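Have a look at this one before I ask anything.
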Amino acid sequence: MSKEVNVAMIGGGFMGKAHALAYAAMPMFFWPAPAIPRKRVIVDITDEMAEDARQRFSFDEASTDWRATIARDDVDVIDICTPNNMHAEIAIAAASAGKHILCEKPLARGAAEAKSMLDAVERAGVIHMVAFNYRRTPAIALAKTFIDDGRIGEIRNFRGTYLQDWSADPDGPLSWRFQKDIAGSGAVGDIGTHVVDIAHYLVGRISEVNAMTPAYIKTRPVQEGGLDKLGASEKNASARREPVDVEDEVISLLRFENGAVGSLEATRNAYGRNNFITLEIHGTKGSIHFNYERRDELQVMFADDPVDARGFRTIYTGPAHPYGDGLWPIPAIGIGYSETKIIECRDFFQAIASSTQPSPNFVDGYWCELVADALLKSGETGKWVGVKA
Amino acid sequence: MSKEVNVAMIGGGFMGKAHALAYAAMPMFFWPAPAIPRKRVIVDITDEMAEDARQRFSFDEASTDWRATIARDDVDVIDICTPNNMHAEIAIAAASAGKHILCEKPLARGAAEAKSMLDAVERAGVIHMVAFNYRRTPAIALAKTFIDDGRIGEIRNFRGTYLQDWSADPDGPLSWRFQKDIAGSGAVGDIGTHVVDIAHYLVGRISEVNAMTPAYIKTRPVQEGGLDKLGASEKNASARREPVDVEDEVISLLRFENGAVGSLEATRNAYGRNNFITLEIHGTKGSIHFNYERRDELQVMFADDPVDARGFRTIYTGPAHPYGDGLWPIPAIGIGYSETKIIECRDFFQAIASSTQPSPNFVDGYWCELVADALLKSGETGKWVGVKA
Amino acid sequence: MSKEVNVAMIGGGFMGKAHALAYAAMPMFFWPAPAIPRKRVIVDITDEMAEDARQRFSFDEASTDWRATIARDDVDVIDICTPNNMHAEIAIAAASAGKHILCEKPLARGAAEAKSMLDAVERAGVIHMVAFNYRRTPAIALAKTFIDDGRIGEIRNFRGTYLQDWSADPDGPLSWRFQKDIAGSGAVGDIGTHVVDIAHYLVGRISEVNAMTPAYIKTRPVQEGGLDKLGASEKNASARREPVDVEDEVISLLRFENGAVGSLEATRNAYGRNNFITLEIHGTKGSIHFNYERRDELQVMFADDPVDARGFRTIYTGPAHPYGDGLWPIPAIGIGYSETKIIECRDFFQAIASSTQPSPNFVDGYWCELVADALLKSGETGKWVGVKA
Amino acid sequence: MSKEVNVAMIGGGFMGKAHALAYAAMPMFFWPAPAIPRKRVIVDITDEMAEDARQRFSFDEASTDWRATIARDDVDVIDICTPNNMHAEIAIAAASAGKHILCEKPLARGAAEAKSMLDAVERAGVIHMVAFNYRRTPAIALAKTFIDDGRIGEIRNFRGTYLQDWSADPDGPLSWRFQKDIAGSGAVGDIGTHVVDIAHYLVGRISEVNAMTPAYIKTRPVQEGGLDKLGASEKNASARREPVDVEDEVISLLRFENGAVGSLEATRNAYGRNNFITLEIHGTKGSIHFNYERRDELQVMFADDPVDARGFRTIYTGPAHPYGDGLWPIPAIGIGYSETKIIECRDFFQAIASSTQPSPNFVDGYWCELVADALLKSGETGKWVGVKA
């Protein structure tokens, strides 16, 4: 029988829900499972919130004291689902207590903070992972196998976007995602880092960026209740407004260490785009295209196909593709957000079971922060900025 | 706190996995939940299989005796995830024992069997539901609201398809899905009934059909192990072959009670189609198109749009749409198979909590069987066949 | 230098424009050309219309007398672009005068009329062609090569649609297309025959049909001026209305001589569909999909592709594909209606130059009429109707 | 009757074909036509080529002497379809001779050369136009009307791409398009300027750029015959190779005078992309998307749509849209390259008839060259470069 591993989750919001689902479902999908996650403790801000989350997500216990929770002997894993400003403090404490750590993305509010976290986990020798779940979409993992097998040749060009529209309305509330002291940055950290992570995964390290980081909406209504409801938030034109101090968008040129070039665009103000994470990769032997809004599909073009039968193939991922043994028995039965998080959970517990660091871990998270800092700096200076540790 | 309701699940295969996920995840999504499903007992064929499924799906107990399980006082719900030939016997017994019933589709191996099940649940006064989950895809539920609000006018035409390719290879194994005594029928019951259910949901009752039901692959290799792996099954060209006695495909003209006409096509032999459930509905004021392979999207055209701005809108379902309060906070974060089953689970327990029959219930399942029987009969006779209770 | 061949065109409307373009452009595209079409005479109803068309389409002469025109020695080809009711009379006269004939589709108002035309051209030994241009879309011609090369195996299933919406508005004018004595039939002849022609081209002869032929809009406003403006027509809710005596839609099951089965749907009342000619063909080794609304693209799936790289390929037709030597030097520069007519023109003059009948010729047109008659008869009787010469 | 206007065309290649078609077809489409173009003289390099082109394109006369042709009294219009290096000399001579000028794009090999041409035509007072035909795609013209009507609000962001793959193979021949002295530049001038023209048309002037201009393929086989066959060219791995001295790709950040930002990417080395001209425009009230590979369609999202019915509309252009009066009577009958050139021709002769400069004229062409120069300079320096006259 698979071993139970005790999890304490800090934060019971949108991400808490996604992770709780993954803990429950992972062994159902990947069996035998590397471990049976036991939902031991959930921590939230108030007693009421914590107890409500405990019932909803089926944890054994509720708490409002994350420090005490970390100190418990019967907790093996700390899962950080808080806003960004709490990541470092919790992660460093958890590492000191010898707990394995799954931390939501972005890892930190910048590279310096991320470095302190990385140092802590490396010192402690615990397993660490950053929850960049989108790279675990089976279609993106399939892209990785085609690239690694040389099927599209040497990569020349990468174009990545992450376009959303939930913040396009200026009367959407001033959630923590628009406050620099909590979020660290705006579109760069919130969604741009997902693209950076995918670029690092598929192409290699970004070495230099040249960015614009415009801010369009300068103030927003103060939010009642503090919730982070994204596209489900209420618009309020008459409430008191306070300043937004983060960028709304980032557009950047990219250079990679291996000589590839490319671009990145991330915005939460693109009307009509919802979770429009797209990739286009051109190689010397073929091309790849992906759009998360149609996430079951990978588009691949092989230049060595017969000239009359060349064209992008639309491959629906299923049993024959990465993670296919654990998912559904027919392609297009449906990959959703849930499945990406279930896969992530599997890989995290497999890392624990095998005592090998998963990917992306805090090293990767740190490098994403280095790129994020470079994007922000380039946005300010208008110059190419190198990415250096 | 939401009340716990004890579930016993019979059958731990593909559908068992999907249902177990839903029981765990439903309260995480829809909160406060109508009930907290407690995974009390799982029943499978052998002790090993049952215990394995118990661990995997996190049930309290395992059993190989479905009759004894039904008799338990600490079981409130019987969830039937077996092959079709067991549906009736289990459901009738469960009804007699006063248990609420969630039964996988198709309800039975024909209308007569379905009628006996319907009679049993109505006699017993229990809550009953058939697991036609696809109609719960938020985009299809959104289509329903547009239709009910008269946005596309009077429906003239319905075209529905369900195309797959997992059985196109003649060396795919002879699973129970190709055996009439177990499955009842082939493509008609397995996938055609999903289209019938959606047609009934969106358009109204089908009153008459005129079908072809060709069989292409007359024998298949005998399957080792008895598993039902669909697209993940191994192909075996050298194994002993036995006859297939069900149809591979159904193509039918349709007439609806309300005067609409249409067509239906279902096959598991359409190379390149995976879970290609498509709808096209033409009304006097607009049209609707849907393809489950891109299930986050509904296509709607309103004829009263300005003439220079008319065209199908691609609506990504999210917080503003059916079930949006319980799913993800941004459209296109992703609806997968999991989410359709979680929604189904919510509606089932809501029905229990409110003591009102859900939809589709055994009445709907019975009418699907009446249509299925008519399709098969028309396929034999080459004539229009009326659908009559 | 290519030889000039003199053309007289009867009818200067929508089709006259398309054909005049083709005469001018064909040698520009296909060079050396099989002939240089010389636009000798255009015939229309009144002197004013004829002279206007002469200037617009750059013909040498205008006439209102089609009989006299046919009698001219300096006319080699008669191009029939009139409404359907004139096809037979003109074609038979032209054949008697020894002229080659290009006749717009459908060939006639039914099989009997078509047969009289076929007899006439065969008696006369002239070259004859029916202008089913859509089969000349390069992507459809490419589908033909894949099928002929056995790349998708034995064809099991054909599904064809032709959906438009220009007649969905009940206040659209009563053009000749809604009058049985002029048009012969409604959706069946006007657009359904295009699908029949493509089915014959790609799959083989249809042997039996089982159809519904509903009529939705029973009267229409009487049209001023007699023009045939389709989607550009003015809607007039207040004008005097007269009966429509043709069907609005046809939906049919199909059987082919070679054992394939399928379906056909044609309507001009499908809101949001414009020129939605779609094909889906399933074979034992692959599948083909095509949608004329995206006519540069052919979708092909080969079942013998590696299992992890299987999926529909989107092939943009270009220089490597049928007619590619004469069209544009890069795929997706753009195939429009013009190009399909230019190709048709090339094949017609090549037939003349080589004294071999082109395809589709009047034999094919006659068989389309046999299928059309069968569809109409089945729509009336509700029974399978065989297609017999 | 419309007046005849005599045209002399210099260059009988790919563009000669497109223009000859337009001259023949324009009055057939747009009637009454602003003028009847008469194909008076065609000029090519050798007597054989000129005579061949004369017959193929149906000109009255052939010539090898463009200077003499320009001097003829019976020539009203000079149409420049040569490689880029001849544009200036011919245009300046034509202007001096008082001829109206239609010049293929890009206008010149840089801004200085373009300025000399602009000065010449302004001095001469003739009508001048640059053949950026893609902005005349009806869907792009429709985008313009939506933008001008304020339907998508203030434009925040423009992303334009032009991706092709005909030069991705390193063994494709060294056509003039890879030689700086003839072409002026590589991807920037050949295709990037189309995107610049569309950006200027839809958004406004680009004021600043920040680009990468990588070159991937350093040598190419020397081409036999000198033809410019693009995707139809023969690959020759064994021929003698000579250097390519232009860039293969340009990726750039953009700033517009009106405050909008954006990006541009153009390459002829993107395997699987054929004529992938895409636009994405985000405004404060909606968004627009367009892909020329599916050029009949415009995607528009209006943020003021009801929240449950928001999404990109796929509008198929037809009679209700720009140029719809002259094209085809139903959307999706098909816009091809031909139609874009026919529209361009109409607008050019309308400009002549009305003695008003068309758009884009040499002023626009000159500004495109200013942007092109800035892109190339930024590619060299790695810095933002302003666009200044």
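Note that the chains take the letters A, B, C and D in the order they are written out, and that residue 1 is the start of every chain.
Everything that follows uses one rule, which is that a residue touches a chain if its C-beta (ideal position, glycine included) is under 8 Å from a C-beta of that chain, and two chains touch if they have at least 3 such contacts.
Everything quoted here is computed from the prediction, not taken from an experiment.
Student: Which one of C-D, B-C or A-C makes the same contacts as A-D, at least in over half of the residue pairs?
Tutor: From the options C-D, B-C or A-C, the copy of A-D is B-C.
Student: Which of the two pairs, A-B or B-D, is linked by more C-beta contacts?
Tutor: The greater number of contacts lies at A-B.
Student: So the centre of each chain is just the mean of its C-alpha atoms; given that, what is the distance between chain A and chain B in Å?
Tutor: 33
Student: Using mean CA coordinates as chain centres, what's the gap between chain B and chain C in Å?
Tutor: Roughly 42 Å separates the two chain centres.
Student: Once you find the CA centre of chain B and the CA centre of chain D, what distance in Å lies between them?
Tutor: Comparing mean C-alpha positions, chain D is 53 Å from chain B.
Student: At least two partner chains per residue is the criterion; list those residues in chain C.
Tutor: As it turns out, chain C has residues touching two or more other chains at 297, 310-312, 316.
Student: Tell me, which parts of chain D touch chain C in their complex?
Tutor: It is residues 1-2, 14, 17, 20-21, 24-25, 27-29, 31, 33, 36, 52, 55-58, 164, 166, 229-232, 274-276, 292-297, 316, 318-319, 324-325, 328-340 of chain D that touch chain C.
Student: Help me check something: in the complex, which residues belonging to chain C touch chain B?
Tutor: Touching chain B from chain C are residues 152, 156-157, 159, 168-169, 210-212, 214, 216, 249, 251-253, 255, 261-263, 265, 267, 269-273, 280, 282-287, 289, 301, 303, 310-312, 382-384.
Student: What does chain A use to touch chain C in their complex?
Tutor: Listed in rising order, the residues are 142, 145-146, 297, 300, 302, 305, 307-316, 320-321.
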